[in-house]
Every structure is written in structure tokens, then in C-alpha cells.
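Both of the next two complexes hold chain A, though its partner changes from chain B to chain C.
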Partner chain A sequence: MTAAEMNMKLAVTPRGAKPRSPFAPRNIMLYGTLIVFSIYYLLPLYVMIVTSLKDMAEIRVGNVFSPPVDITFQPWVKAWAEACTGINCDGLSRGFWNSVRILIPSLIISVSVAALTGYVLACWRFKGSEVFFGILLLGAFIPYQVLLYPLVIILRELGLFGSLWGLVLVHTIFAMPINVLLFRNYFVAIPEELFKAARVDGAGFWGIFFRIVIPMSLPIFVVSGIIQVTGIWNDFLFGVVYTRPENYPMTVQLNNIVNSVQGVKEYNVNMAATLLTGLVPLTVYFFSGKLFIRGIAAGAVKG
Partner chain B sequence: MTQSISIKDLTLNFGAVSVLEDLNLDVAQGEFLVLLGSSGCGKSTLLNCIAGLLDITDGEIHIQGHNVTWEEPSKRGIGMVFQSYALYPQMTVEGNLAFGLKNARVPKDEIAKRIARAAEVLQIEPLLKRKPGALSGGQRQRVAIGRALVRDVDVFLFDEPLSNLDAKLRADLRVEIKRLHQTLKNTMIYVTHDQVEAMTLADRIAIMKGGQIMQLAPPSEIYNRPVNKYVAGFIGSPAMNFMDGQLDGGAQHFDTGRGLDFSVQGYEFAAAPTSGPVWLGLRPEHVQSGKWAEGQPVQMEALVDMVEPMGSDTQVWAKVNGQDLRFRMDGQEAVAIGDRIPIGFDPARLSLFDKSTETRL
Partner chain C sequence: MSRARRGSAAMRPPIRLFRNLSSKLAAIPMVLVGLGVFVGGTAWTIVHSFTDSRLLPRLRWVGLDQYERLWSTRRWLVSIENLAVYGVVSLVLTMCLGFFLAALLDRKIRYEDTFRTIFLYPFALSFIVTGLVWQWILNPDFGIQSIARGLGFSTFNFDPLYNPDLVIIGLLIAGLWQGTGLIMVIMLAGLRGIDEDIWKATRVDGIPVWKTYIIVIIPMMKPVFVTALVLVTSGIVKLYDLVVAMTSGGPGIASEVPAKYVYDTLFTRQNLGQGFAASTMMLVTVAIILIPWAYMQFREKRQ
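So, the complex of A and B:
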């Protein structure tokens, strides 16, 4: 039943308890708490935004919470295109495009491999598949740092160390436990008879995957996609360990700008740079939040 | 008689567990065969083996004269209908019907023609553009039957197709399936645990238990001449009355040893009767009571224990010389607990089973 139908029903049958006053004690408590917590969490963001719009003279006055007197976008321009890291002075833009070049293949490959692995573990069980899945899950509990050096050696032996594809491989490997778990649990909930029907209809392993399973599983692809986008975009450790300076992702670049020890600390540029870096995951959450919640919930109920 | 399906020495093991063992079954062209049994008897497993959805351990399966034992399900010339409908939720009804044909690379105009014909037969034309989520249970199952229909196959396999529907729809769709069979004259194998479906639909019923076929016969024979005590007790509602006692083969006389004895002359023995311990089966609907008891070859008096009025008839639980007996009376007859009423029956309608082997005498 849609919301409109629901309202119609309520309109024609005026039954049930009397609607509460908007200023009932319960509402004041509820919304009061929500507002206080919202302010608590939004305040740093507010400070970042206003600071990024001030010039250095205004910042030195020290009124952290006051809105900017003269709005200037110069810090944003500087953060994006002019800030120096080492010998390069082209700001975050280089790091942004590096991150995009890391993100897109890592996202596509890791989600595809996880979906396929989940599909096999859920629908085409083989001898030992449960054990395999158990071992895979164990991987979720191993701290990344433990595997850092062994992976350096593996990448060196593969001839991928320092390259973009080496990093893509690392991201794909570390994406496996949690994403395979997501996909497997989602696919397990698909009724077995559907697969039988598809087999009678002449669909094989790939036919069932592409034409039956994937079209039914948009929410879980969105969930996995979001987890991967934020994870890969926010990654600092792998980026700094497995690539060379010319391939450094945005997070590493950001660190180099913000933590530079030479010259004046340009707070406005730092704030702008940080906001720019966080923009991508933020946008992703903003536009797919609804699907994300639905996917997580569906997995929870059915899995 | 041409064989549509022929199963030879089919064995299926799951690990160390034997599910089906040395099973043989022949189904004639155009026959409606029902596999009937309680859950876990292997009936659905057998159907899945015929469909090719389960790899068998040993034996051979022939469909329309071809050995399809190791053939893919789609290449066996079968259409299958499932209990949960198993419609593809993201496709329209039309897409559901077309899916198998597209996989088989049937030309587009041929697909359209077949869908139109199936939709007409099943009266689902107005639903073609809808998604399965927007259909009722009965409509969904019709679409599922349609998906088997468009495949233009010789053999239809039904896996408890009506079990998810409510009672009224079930009765409607049952008649429709029977009509469909009369129109199409396809071979149909139908798995169910509902004996009403089995009795009404089947040309022959195969009653299964523990992975074996107990009896394979037309419904009337299953009802009248069950081969063993299990089949006798499984078919019929309310269930058959059983009494244990001694049979005197020569005199054709039965004695419970607890105060009830009567002659069974008129009973058709499969072989020359011998003396020994037996089970005697008597269907509740074969017991006549009140004035209809007069003239019956065997007559006795029953003490009414409990009464269940059903409207059209009344089920009576009674005691006859210490022996529990359940029978049916006309719904219009007045009967109360504690009444003593005359009853009678014809030994020709009895079933006698050997006490140890439980097979029909």
C-alpha cells in the first residue's frame, strides 16, 4: 500500500487514538535529543566549512565559530590546484585523478569477483565449499598490518609492486571476506526452485547468474558498491605502501598537504582539502542511502 | 503401448544414504501418473531425477525413447511446474514464458505464437504485461503451467503444484489441470501428498514409501485392492479400520480372540486361503448401519462411543465387542452417544493382510 492510499484509508475511517500534540513531553524529549546530537555531530563540519571560506587574516583573529566576513573561495582553488606536496605544486587534483584511476578498476573487479564467489558458494556448492567459506570469513578478522609485508613480497614476485594494478589486486583481496559474505547470504535466500526452473528453461551457470540472480540483487550490489567505494577511497595504508609517489591516492596527497611542516599552516586550505577528499563517499551515501538501508535490511532478514 | 518414460533400476544415494533403490517405472504415452506418499518418501526426489535436476547414482532414464540419463534438464523434452511457482520476479509474465524459448534460440515470431496460444488455453492474456508480484497465487501457478506449456514438450512434471493454494483455488485448478490433460494428451507426472488430488487426477497412482513404489495401479484398484497394510491405511479418509486376529483358512472365518468373530466368505483371496494371524481392514464407508444393515452378509451390534456430525454424513466412533470401529452414517440419521445400533458389511469389500508381511491375502 502506498502512502497516498494509506492516507486515504485514514481519512475515511477516523478511528484510533487522538493525534498527539506536537509539543507533548514525549516529542520534546525525542526531538530535543535528536537536535542536540545533530548539533554535536554537525559542529565540526560547520567549523570546517566556515574556516575554509575565510582568509588567513580572519582566521588569526581566532573566532572559530563566527561566519566568514569576507567569503573567499581562494583556499578551495588552492587546495585543488595549487597546494604543494614535495616538488609538485598542482594541489589535490593529481591525487583525485589517481584515486579515480584506483577506485574504478578496484570497485569493478572486487564487486564482480565477490558476487561470483558468493554465487558459487550459495548456489553451486562443491565438496568443501562450506570450509572454504569459513576460511574466507576468518580473513575478516586478520588485521591488515599483519599482511602488509608478505603482500609486498608477493607483489614484488608478481612484478606488480608500485604499480596501479598491484594496488587494485590488494584492494580486491581485502574486499573478499566481507563482500563474499554479503553476496552469499543474499543469494542463499533466493528460493532453490527458481534455479531448478531456470535449469529446465535451459539456462546454465552464467545464464542463471546474469539473467536471474543479478537482476534480483540490485540492493546487495549497491551495498557492496558503497562499502567498496568508501573503503577504497578512504584507504591510506595500502595507497602509501604499495604505490609510488606519482600514483599516490587523494588521501595520501591530503596527508602530505595537511601535515607539511614547512611554512605557515594554512588552516583554510587544509579544511578545503579535507572537505574535497571526503566529498566522493559523501555524495555516494547521499544518493544511494535509501538503497543501502534496504540492501542491509534485506540481507539481515533473509540471510 | 508406447512408453513415454521408462526408468530402469534407478538408484540414488546421498553419500551413504540410499534414497531411491533399484526403482523401475514405465509411464505410457499420454498417461497421467501421480506419485503419492507422505513427506520424505522420495516422490519429489524421483521427479527431480526424471527432470535431470539431480544426478542419479545408477540406472537409466528414457524419455520418448531417448536415453536421457546424463542429459541436461532443458534437453530432456520436459516442462516442470513447482510448488512455489518459481516465477522469475524481475520479468513480466511474458518474459517468464519466453525465457526458456529464448535460451533455446526459438525464432521471435514462433515465441509470440506459442505465448499467445498458451495464454489463451490458460486464460492469462490480460496478465502478460504484469510482473509475478502483482498476481494472485492461482494466477501465478497458471503462469507457471504456461511456462511448461510453451516449451511444447511431451512430458509435464508437476511438483506439488497446488500445495501453496487455498482450498477453493486448489479444487478449481485441479479441475483445470485435468481438463488441460484431456485437451493436450501429454504425459504428466504429478507429485502430491494429497490423496484427493491423486484419486481425481490420476490414470494410475504410484504410492511410494521409503524410496520404493508400494503399489502402482489405477485409483479404483488402489482403493479397492490395496496390496499392503500401508497403502490401505494411506488411502481413504477417514482411514481404514484395522483389526488383528486369526484367520481360519478352511472355514474362511475371522476371530479377534477378544469376543468378535465373523465369516469372511465372499472375500476374494489372491491365493488359496491359509490359516494364521492376519490384519483385517474395513473401510468406514463400507459399514452399513441402521436399516441398511439388514441383508448384509455380516451383521453385528455397535455401541456408539463418539459422534462427529459433518452435515452430509456423520462419523461414528463405536465399539463392537471391545473392538474399536469407525464408520459413516447418513447425516440425516439421528444417533447419540450410548446408542446401540445394528451394523453390517459385505466381506467382499474387506482387505485381509498377512500379520507379519502385511501383504494382501
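So, the complex of A and C:
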């Protein structure tokens, strides 16, 4: 590669226009705007971090943006282990473990069910399967409020109301439309010859699913998993409706801690608690990178 | 949506109930969720909205009484008005900002991944976390108002969360922060799908870049815009967690929204019939938005 070609590749240029210097007024405007927006988007993260590292005395004399002078981790300890909701004073750790206990079975069950359903819809259609798929997709647009009470009745009949398993079932149900769509669209693109060959070799419905489809589809399982982890972790409404206080997920407990009207407001503890709750989806987001984007783009544009 | 395998005889054994049995068994969850929960649950709620159910659902018909009462309740009217204002402003700003940011990122800039990561990360956070952070930043004693006053603007007033007239602005700031990243990613996917030749052609014709966007690119991206529109609107109707975390509907009832009205009526005031009527109205709202969209999609497919 010649130097000129290198330059062409590296130069920051608008689509196809002739190369300009990085300090052209246009570039300054472009990057300036991007940086201004970046500040708006990064500000809350910064505020959460600095507030959670100050003590209350320092908060009272400063403002939300002032950096901490004496860094203290006490608010984090308190948020995790001592913050009170009602009469319980064992901190957010309880909500965290509840969320973990909700997340793991919900994730496994909802992704498995969706993958299997997507497989049926892509490879083993039967009369009426497309109609059921259509109904399922419509379900994605029904406001949750319409189905809240019918699900209370269903869970009560099943004896699951108030338990973690009830919430797992609810998450599985509401995850179905988008995830089934994801899997179905992915499986449809697998070359048909593979299935024919497998059929000739005597593989049936389950054989093809476990030996051919699943091993080929790791990326879509990751995408669906990412959607589910963030969705289930961030849920508030279902947690508050379908579980009892001792099973409340982290988001519900966080809201109860921060918005409780009793006692002096401890903003540093509140922000530490908020950041702790956001940490799981943020970690997933920063580590999954492009797959996260692929997940939402696939879900949105194809839908 | 691909329909590659539709009608391919090789993959579809002759349709009889006992052939293809595994596939039908695997489709049971989909059928149960689609018919049992989505269709059945919706029908159940609509039917019970015509009854006088209070603490427990019962079938004693009262005609449209619940709806009459609903539309003469001030809190519901405020909720609807709030949702309308929030919805329209948030829709317009999300679309504009989302497209603007996507267009900036599509200008072949350096550090595109970094900027995209920054703009999208709030989307990974829950509305509860979003609401609590912005509640803190907008705190009149320590947040933006106190900083502006500290800089010498001693009469500067910006306390949206404590001012009934401004509270929607507070919700909008937080809502936009959380949601624009998603639309940006979808728009960016749309922009990337546009043929490089289009850009070359407009450059040859000497059309300025901004004009190319308006007269060529945006019309070409109509399907993407429609998808984004549907996505944003169905999200707006569900607006609930953000309000609970940020304002709890206050000050007074100034930031109530329909989803919160439904929840409160069903689960804290135990006025089931009223709650069902309100949730049915939410369903009607979604239907009004979706039916034209579904019709358009359907027509495009037939062409």
C-alpha cells in the first residue's frame, strides 16, 4: 500500500468528497457537536459516580457536579448492606440476589422456548403455524396494562402468584414475540440442503434441532440472551405486580429505597444504589458491544 | 421477512395431524401464549370493563358506566393530556435527534464506535435508574438550578420536578436521554443500507450534503422511519416506570400517566372495572396508531 493510499484510507472525509485537513471548519463543527452531545449523555454517569463517592457533609456544601474531595466508599457499603426498605435493613444485596434468582431461570426458559418455537416456524411449518405466529407478534403491541390482571388470575390458578416462578413465567410470556421473531428469521436463512442431508441421514425433528441448528446459531443465542438479560434485569412493573415484597427484584427495591419518604435523604447512598442496579446491564452492554447493537437492530428493523 | 421455505415440499411432510407431531408439540407454548394469554387475556379485560367489578372480577353488567366515569375523572384527563404532550414532543425530538446523531456518525468520522457507545449506553439502563439519576440532577437545591444561581444568575428558576407546569419537561429530558440512542442505531442501520452510488450521483450533480439528506436520503429511508415511529410510540404508551421513579405522578397529580392510572386503580384502589376500562382505552390508542401501519405494511407486501 502506498503512502497516498494510506492517507486516503485514514483521512476523515465526508462520503467520497476530496480529502480535507482534520482541522477544517467542517470537522471542528462535526466533532464539536458530537462532543457536546457526548457530554449530555455522559453527565448522569459522571454525576452518579461522583455523588456516590462523597459524604453527606460534602454534598450539602457542593453541587451535583463538583468532584469529590475526600473519596469515601462508605455509601457503597451502606447501599449494598444496610439501606432500609420498610422494616428490612439489609440493603440492596437482597434485591440483587432476588434479581439473580429471577434472571437465571427466566433467561434459560425464555430463550429455550423462543428458540424452539422459532425452529418450528422456520423449518417445520404446519397448517396454521403462521396464523399463530401472527397472533404472537400482535401480542408485542398489546399494552402490558391490558394483560396485568388476566395474568394475576392465571398465576393464581397455577398456584404461582407471588412466587419467583410466577415472575419467571411472566417474563417468558412477554419475551416470546420478539425472541421468536429473532430466532425464526435467523433459522430461515440456514441453507435448506443441510436439512435435506440430515433427513436423508435419518435425523428427525429433535435431531436436526440439537445437532445442526443449535450448533450453527450461537450468535443469535447470544443476541437473544443479551436482550433478555437487560430486559429482565430492568423490569419494574412485573416485579412489583407479581412478587411479594420479600421477592422484589433489584429495581423495585431500589425505587423503594430512594423514594422512601421516611428519614433524611442520603443522596450519596441513593446514587451508589442506583449505580449498583445499573451495573449489570451496563457490564453486559460494554462487553457485548456490536452484538447488543445487532440485537436491537435485528429486533427493530425486521419487526 | 423471509419466506424462503414457504411451500417447499421437501421440508413439509404431508399435512396430517399425526405427521409432524413433534413440531406441533413444540408449538404448544406459542399457541398457549398467543391464544390463552394475548387473545384470551385481552378479551377478558375488555369484557370485564363493562362490569362493576370492584375488589374481585364479576360479571354484573353496567354498560358503558365505567367509561363514562373514566372520562369524567380529572386524574384520567390529566393523564391523557400528559401522555399526549409527552408523546408528541418526545416523538418529534427522538426522531430528529436520532436521525441527526446517526447522520453525524455516518460522516465517516474517527472514533465512531466510541461515540456510538456513548449515545447508546443509557438504553441499557432501566427507567428506574434513569428516573432516579435525573431526579438528582434536577434537584433544585444541588442540581442545575443551584449551579446556575451559584454562577450569579440568582433568580434562575428551573425546578421542573416541583413545578406542575414544567414537570413534563423534566420527564422529557430523562426520557430522551434514555431512548434516543436506540433510534440513532436504527437510523444508522438505515443510512448504511443506502447505496454509495446515490451519494456519488448527488455529488456529481453538485447537490450540497444537507440537501441530499432532505430531498434524497430521508424519502428513501421511509420504511426505517416508520419502524422507528412505531417503536417509539408503542414505548410511549407504556410510559410508567420513569414517572414512578422520577415524580410518583407529582407534584399533586401533574405528571400522572395512563399506565400509572391503570396500575393504581387495579392494585391499590381495588376498583377493577375502572382499571379495565382505562386499560382498554390504552389498547384502543395503540390500535389507532398500529392499524394504519399494519395496513401499509400489508399493502407493500402485496406489491
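The definition used in the following text is that the second predicted complex is superposed on the first by the 268 of 303 C-alpha atoms of A that agree within 3 Å, B and C clash if a C-alpha of one lies under 4 Å from a C-alpha of the other, contacts with A are read in each partner's own complex, and residues count from 1 in each chain.
In the analysis below, a contact is a pair of C-beta atoms (placed from the backbone, for glycine too) under 8 Å apart; a residue touches a chain by one contact, two chains touch by 3 or more.
Keep in mind that what you see is a predicted model, and the values were worked out from it rather than measured.
Taking the superposition as given, does A:C89 touch the first partner, chain B, the second, chain C, both, or neither?
neither
Please work out whether A:L42 is in contact with chain B alone, chain C alone, both, or neither, and reply first, second, both or neither.
It touches chain C, and chain B stays clear.
Now for A:K196: first (chain B), second (chain C), both, or neither, which partner does it touch?
It touches chain B and chain C both.
Of the partners chain B and chain C, which touch A:V188 in the superposed model: first, second, both, neither?
It touches chain C, and chain B stays clear.
For A:I154, is the partner it touches chain B (first), chain C (second), both, or none of the two (neither)?
second
More residues of chain A are touched by which chain, chain B or chain C?
The partner that reaches more residues of chain A in the superposed model: C.
Scan A:P215 for contacts with chain B and chain C and give back first, second, both or neither.
First partner only.
Quick check for you: in the superposed arrangement, does A:A24 touch first (chain B), second (chain C), both or neither?
Once the two structures are laid over each other on A, A:A24 reaches no partner at all.
In the superposed arrangement, does A:G207 touch chain B (first), chain C (second), both or neither?
A:G207: touches chain B, not chain C.
Residues on chain A in contact with chain B in one complex and with chain C in the other?
On chain A, the overlap between the chain B and chain C contacts is residues 196, 199.
Residues of chain A touching chain C in their complex?
Going by the criterion above, the answer is residues 12-17, 30-31, 33-34, 37-38, 40-45, 47-48, 51, 59, 62-65, 113, 116-117, 119-127, 129, 132-133, 135-136, 138-151, 153-154, 173, 176, 180, 185, 188-189, 192, 195-196, 199, 204-206, 230, 233-237, 241, 251, 254-255, 258-259, 267, 270-271, 274, 277-278, 281-282, 284-286, 289, 292-293, 296-297, 300-303.
Can you name the residues of chain C that touch chain A in the complex?
Residues in contact with chain A: 1-6, 8, 10-12, 15, 20, 22-24, 26-27, 29-31, 33-42, 44-45, 57, 101, 104-110, 113, 115-130, 132-137, 139, 142-144, 146-147, 150, 177, 181-182, 185-186, 189-190, 196, 199-200, 203, 209, 224, 227-228, 231, 234, 237-238, 240-241, 244-245, 248, 258-259, 262-263, 266-267, 272, 275-276, 278-280, 282-283, 286, 290.
So in the complex, which bits of chain B are touching chain A?
48, 51-53, 72-75, 78-80, 82-84, 86-90, 99-100, 103-104, 144, 147, 151, 159
If you look only at chain A, which of its residues touch chain B in the complex?
The contact residues of chain A facing chain B are 191, 193-194, 196-203, 207, 211-212, 215-216.
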